[in-house]
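Two complexes, one shared chain (chain A), two partners (chain B, chain C).
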Partner chain A sequence: MTASSAGRTAAPARRERLNPLTSLTAAAATAVITTAAGSWPLSLAVVAACLGLSVAGGTARRVLPAGAAVLVPLGLSLLWLHGLFFPEGRTVLAAWGPARITQEGLEFAGQRILQLAAVVLVLLLFSFSVRVPDLVAALSARGVQGRFAFVLASTLTLLPAIAARAQRIRQAQESRGLVVSGSLVSRARAFRLQAVPLVLSLIEDAGTRAAALEARGLSNTGPRTSYREVADSGLQRAARTVLVLAALAAVVLRVAQAGAGG
Partner chain B sequence: MSSPSLTLPSQERPAARRRLLEILGALAIAATYVYLVLNQPADITGGPGSASALIALTGFLAGAVLLIVAVLPTLPASTLVLIPVALVLNIVLGQFVGSTLVPFYLDAIGTVLIAVLAGPAAGAATGALSSIVWSFFNPTVLPFAAGAALIGCLAGLAARYGLFRRFYLAPVAGFATGIIAGVVSAPVAAFVFGGTSGVATGAIVSAFRAMGDTLLAAITKQALISDPMDKAIVFTIVAILVYALPRRARQQFPFIRRHRVLAGTTPAADARAQGPAQDPVQGPAEGPAQDSTRKG
Partner chain C sequence: MAEPVVTSSPGNAGKASNAGKDSNAGVPGKPVLAAGIRQFTFHDGQTPALQDVTVSFAPGSFTAILGASGSGKSTLGRLLAGWLPPGGHGLLAGFLELSGTRLEFDGGPGDPRIDAAQWGRHVGFVPQDPGSVLSTVRATVAEELAFGLENAGTERADMQVAVERTAGLLGLRNQLDQDPARLSGGQLRRLAIGCTIIAGPPVLVMDEPFASLDTAGADDLATLVRDLLKRGTAVVILSQMVDPLLLDADTWVVLSGGTVTACGPPAGMGAGHAEGSNGAGMLPRAIRRPAERNAAAPPKPPPGPQAGPAALQLRGVSFAYPAPQTHGERRRKRWVKAVRTGDSTPGTPVLQDVHLTVQSGEIVAVTGPNGAGKSTLLRHFNGLLKPTAGTVLVSGNDISGAPVGRTAAAVGLLFQQPRDQLFERTVLREVSFGLDRLVGPDMAAERAVAALQAVGLAKAAHGHPAELPASAQRLLALATVLARRPAVLALDEPTVALDGDGLALLDAAVGSAAAEGAAVVLVTHDLGYARTVAHRILTLDGGRLATA
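Right after this comes the complex of A and B.
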């Protein structure tokens, strides 16, 4: 997260005035509307827009690998599954034994992949461009449980720290003579030797953190104040309402259509 | 960590309202599942953007959020600080296994660990939160929030009724949990994704599709192959981890003390350690929030 926050300080000042809730609403509404519409031109447009925005916002270098890590295995799996085995397909393009490439199957896989790519990219664009402290402050100001904000912020900051600690534990065990060979038993032993110290130290740490949080009144109810001011405006509030209504309308329309058309 | 808070006691919200939210959340998940299974033949090849995908997303997510809202305020701080740790364990191990050619996920180790240490309610909240926070890096896990909550809840119930006291019972409990979780998660994979996200799991689904199964049937069968094995492995790993913890670390959790979750911790020794006021054998009569949920 340290590298990412360094990247964010270089971002244009215009985006910093955007309330994180507005971008969250925009991303979620786009994902819902794309799913509801289910038309490939719209999905393609959303994918293109996401790529453009991430390049413009300077997050492309992190959005693209994360998106590829999700979408490439998913896409391959869907192509393999529906491209070769689609019993409902009628137009057979090629066949080897039980495997038949059908036009319907390829269309189904292609549409699904495009639609999922749109949803995944728009949500990743949000999560890689939002400032986590701002999001937490905005959520707390809206009366969302301080506890949820704590879980979110704590996970995102703990992730690199715990990965670094796992690395140190592995190095320590290797310096004590841990050698991982190919066999399953050896791998399981190595896993145990690394996982037990990691989990134990994490639980110890958590105990210390619990005492500290409790002493600072985590469980207390009542109003809270925040040092962090998150910009918001009437325009953004109106935009959020419109986006939520549009997403709801898209869902209702789609479900009603399915109910009427069967 | 079990020392009482130094600050003013918090005013708990009325228990009835929390219970209502819990029941509503469980109902939303159950109703969505029943609807999807009943309606599937008409809709499955109707193309993407089907109404079923939207209903699956809305129902399962709403149920998971209701469960979080109901459970999160009741957790003590010592459990709350463990949730981020569990999420990181889920993400780090799950992200690694998901990209390999093994038809397993192993993305619930943290959730099951919390469930064993802190009870079914904490496990359910951890499972649901795990999916929501993980979706910051991988949005495709978001629809599985309800299934993850179910796994946490079932793992906690297994611990509550002593299945972690015998080492050989933990994988059995995991196997049973996997069957239920797999059946519930299959409609999400079928309707929202039209397949599975892993390459190895996708190959298994293809095999069933080649035999002419519908997509939902093929994915359910794949889930019934992958999930029970996966959860049996996860429960075994968690049992190894929990028994490797020193006594002091595990006995800081009231759930473990009260329900004698682990073997070797005799009630008499515990009672001495905790003072004569608490008697872990008769503990369930206290009925705390951690262990009172039964969902799914």
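Right after this comes the complex of A and C.
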């Protein structure tokens, strides 16, 4: 099906040749290796690569806010914890009673934050750039249970679907004289008014949809097929194997190091 | 063709036309699906939703179950289809029988459990809200159609053939590569029907399939039903309107208040008599007859020339949805913004240089095929959509800079889907929403009550909007618009989901709003209805507005 969509142009078609499992494996392996290696140059390189790819792929406007929402609070808490209370810290930069800012503490916090940023960004980049239908098709083609593939897919499509529904409700309310201005109070009020019909309609929908999905055989246990053809190649399969092995090797190496060191 | 037998229970024998016939006596083919419902009560209901309903459907039989909104049709349909498994949401006393296997229920813990997947293989069901059957995880109409086949493990080549054939039957060939979330109301219904029939279930149950279908869609559906019947599928249509197709049914079952009040062949119930003189007693008044499609009917006299600016004026309005973008981010963004529009291939203008002037007191109907962009046109009246070129004037004022909420004081818009429009705890609060800011608290209470009375919902004022039947929800949404007494009344498919009583109330409300000086624009796929109410009829096709 990849080629049949009239609206698609040549450039994205090239991108789509990347099997979603390959990008999933790449993202997961990168996350594992970065965590296991615990080296800040590597983390920094991964962060930079993610930012570059998200800008190139046009997902930066979604990846960055989502990344910030996760990383800013976590980063601050890491700074607070390790920056102020790092027991192994020797080089004291400032001290207030039991709390002392040490160079080692700051370095450690910085490393952890970078590591975390690398993992979060690589996973966000994947989830914002993967074509969900391709991923579901690729998974079901590999015998992943229909129900599981569906849950995964709806997790990824849920937010846009809810946003679309909320948008329709807001339009209906605006058409009845609700003026949503930029102020926080006005927005909060509008949100309260939208939440009730949104939740009610989602619940009602979920009931009908569940019945419809059952009737359409979602929970069939037998073999299933896929209408959508997802590109794959020997090279990609090889790349996936290498990535999985590399991730495993990184973990083994890390465990061995920890064993030898501790 | 096997004669289906649908009997009422002995309790209703006197009223039923084939009373006295034993439920299975004299039937040539065994029924593929049957139900004997002594009583079905929802867990939260005080009175039974269904009582003494016995139906059975033989292969190749065509049954119409007719009833007004709230008569229990949908409950019966969902029970038959296995979508309302007894025990889950309510208690059933009686039996369900599928392909010769009879399941007895008495509402106790020992009741059998229905396997929805197995049941669904035999009984296909198209619910009233077509959007709710979609899987939501498929990117194109073709994949959505194939979803059930994928789960059954059908080979890809076979799936492609089936998808092509089904799309052809339902007139969806041009939409196969579209995102299902962007289909129009009528296209969505075609897709929902397609998703159900593609697997070829021996029984097909459809709940209000004609709602929002244009003439071509209704014709396609009629052809489809005849084709299915020929192939031995038992077809059951639940409807609150006597569509011409239903005149061909073998049996009509009339539901009222949750029980069967009449059943038998249509001829015996006065079908075919336009006035319904013989059968008037058999069919409740609330069941709609097809609108009198009398092309020769003289159009209503338009209101005289007006002083001052027109209530609504569109000058050279053009509109196109943003061109499609393939990357995840932009695609999602577009989806968020998507308003169900037409079959415009992406980037194609939906509206092109539209000029429209509507005077106070004038009723204008806009018709056009499913997906022509009718809803898109209405959304320009209050600024929900901004034209890419041209201007919209309400009472002489350009609305381009004003927020939608302010323009709404002068333009009332009724949406296709009432559920998106209702959000308060009670019917009265719903109608009162925003009124006090518009006219002050004293006047607001008075207007709210008057609007509820106008749509016949005064008694339900303290009920919860979500618990009203579909027709009443639609009327409530209408009341919320009427209560504001806007200068321009824009109604999107107002007849959909209304039963006969509702339609009469709608006609009266629209008529009196126009008499009081409102300019009314109603969008409808139903040309017959448009002819009965409008001063002027316009057609929207290919993005251009023309006199019909």
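Definition applied: the second predicted complex is superposed on the first by the 203 of 262 C-alpha atoms of A that agree within 3 Å, B and C clash if a C-alpha of one lies under 4 Å from a C-alpha of the other, contacts with A are read in each partner's own complex, and residues count from 1 in each chain.
One rule holds for everything that comes next: contacts are C-beta pairs under 8 Å (C-beta built on N, C-alpha and C of every residue); 3 or more make two chains touch, one makes a residue touch a chain.
If you're wondering where the values come from, they're calculated on a predicted model, not measured in any experiment.
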Exercise for review: Would you sort A:167 into first (chain B), second (chain C), both or neither based on which partner it touches?
Suggested key: second
Exercise for review: Identify the partner contact of A:180: answer first if only chain B is touched, second if only chain C is, both if each is, neither if none is.
Suggested key: second
Check your understanding: If you stack the two complexes on chain A, which partner ends up touching A:196: first (chain B), second (chain C), both, or neither?
Key -> both
Check your understanding: Is A:228 contacted by the first partner chain B, the second partner chain C, both or neither?
Key -> second
Review point. Between chain B (first) and chain C (second), which, if any, makes contact with A:214: first, second, both or neither?
Key: both
Review point. Does the superposition put A:147 against chain B (first), chain C (second), both, or neither?
Key: first
Point to revise | Shared chain A contacts, counted only where both chain B and chain C touch the same residue | key: 150, 154, 163, 196, 200, 204-205, 209, 211, 213-215, 217-220
Revision key, fill the gap. Chain A contacts chain C in the complex at 1, 4-9, 12, 57-59, 61-62, 128-133, 136, 140, 146, 150, 153-154, 157, 160-161, 163-165, 167-169, 171-181, 193-194, 196-197, 200-201, 204-205, 208-209, 211-220, 222-229
**Study point:** Parts of chain C lying in touch with chain A, wherever the complex brings them together
**Key:** 78, 81-84, 116-117, 119-121, 124-125, 127, 129, 132-140, 142-143, 146-156, 159-160, 163, 176-177, 181, 195, 199, 323-330, 332, 335-339, 345-347, 379, 382, 384, 403-406, 408-409, 411-413, 415, 417, 419-424, 433-434, 437-438, 466, 480-481, 484
Practice item. Spell out the residues on chain B that touch chain A in their complex, using ranges where they run on. Key: 1, 3, 5-8, 10-11, 42-43, 45-55, 57-58, 68-69, 72-73, 75-78, 80-85, 87-89, 91-92, 98-99, 113, 129, 133, 135-140, 142, 193-199, 201-203, 205-206, 209-213, 237, 240-241, 244-246, 249, 252
Revision key, fill the gap. Residue set of chain A touching chain B in the complex reads 31-32, 35-39, 66, 69-70, 73-74, 76-78, 80-82, 84-88, 98-99, 104, 108-109, 111-112, 115-116, 119-120, 123-124, 127, 145, 147-148, 150-152, 154-156, 158-159, 162-163, 166, 191-192, 195-196, 199-200, 202-207, 209-211, 213-215, 217-221, 251, 254-255, 257-259, 262
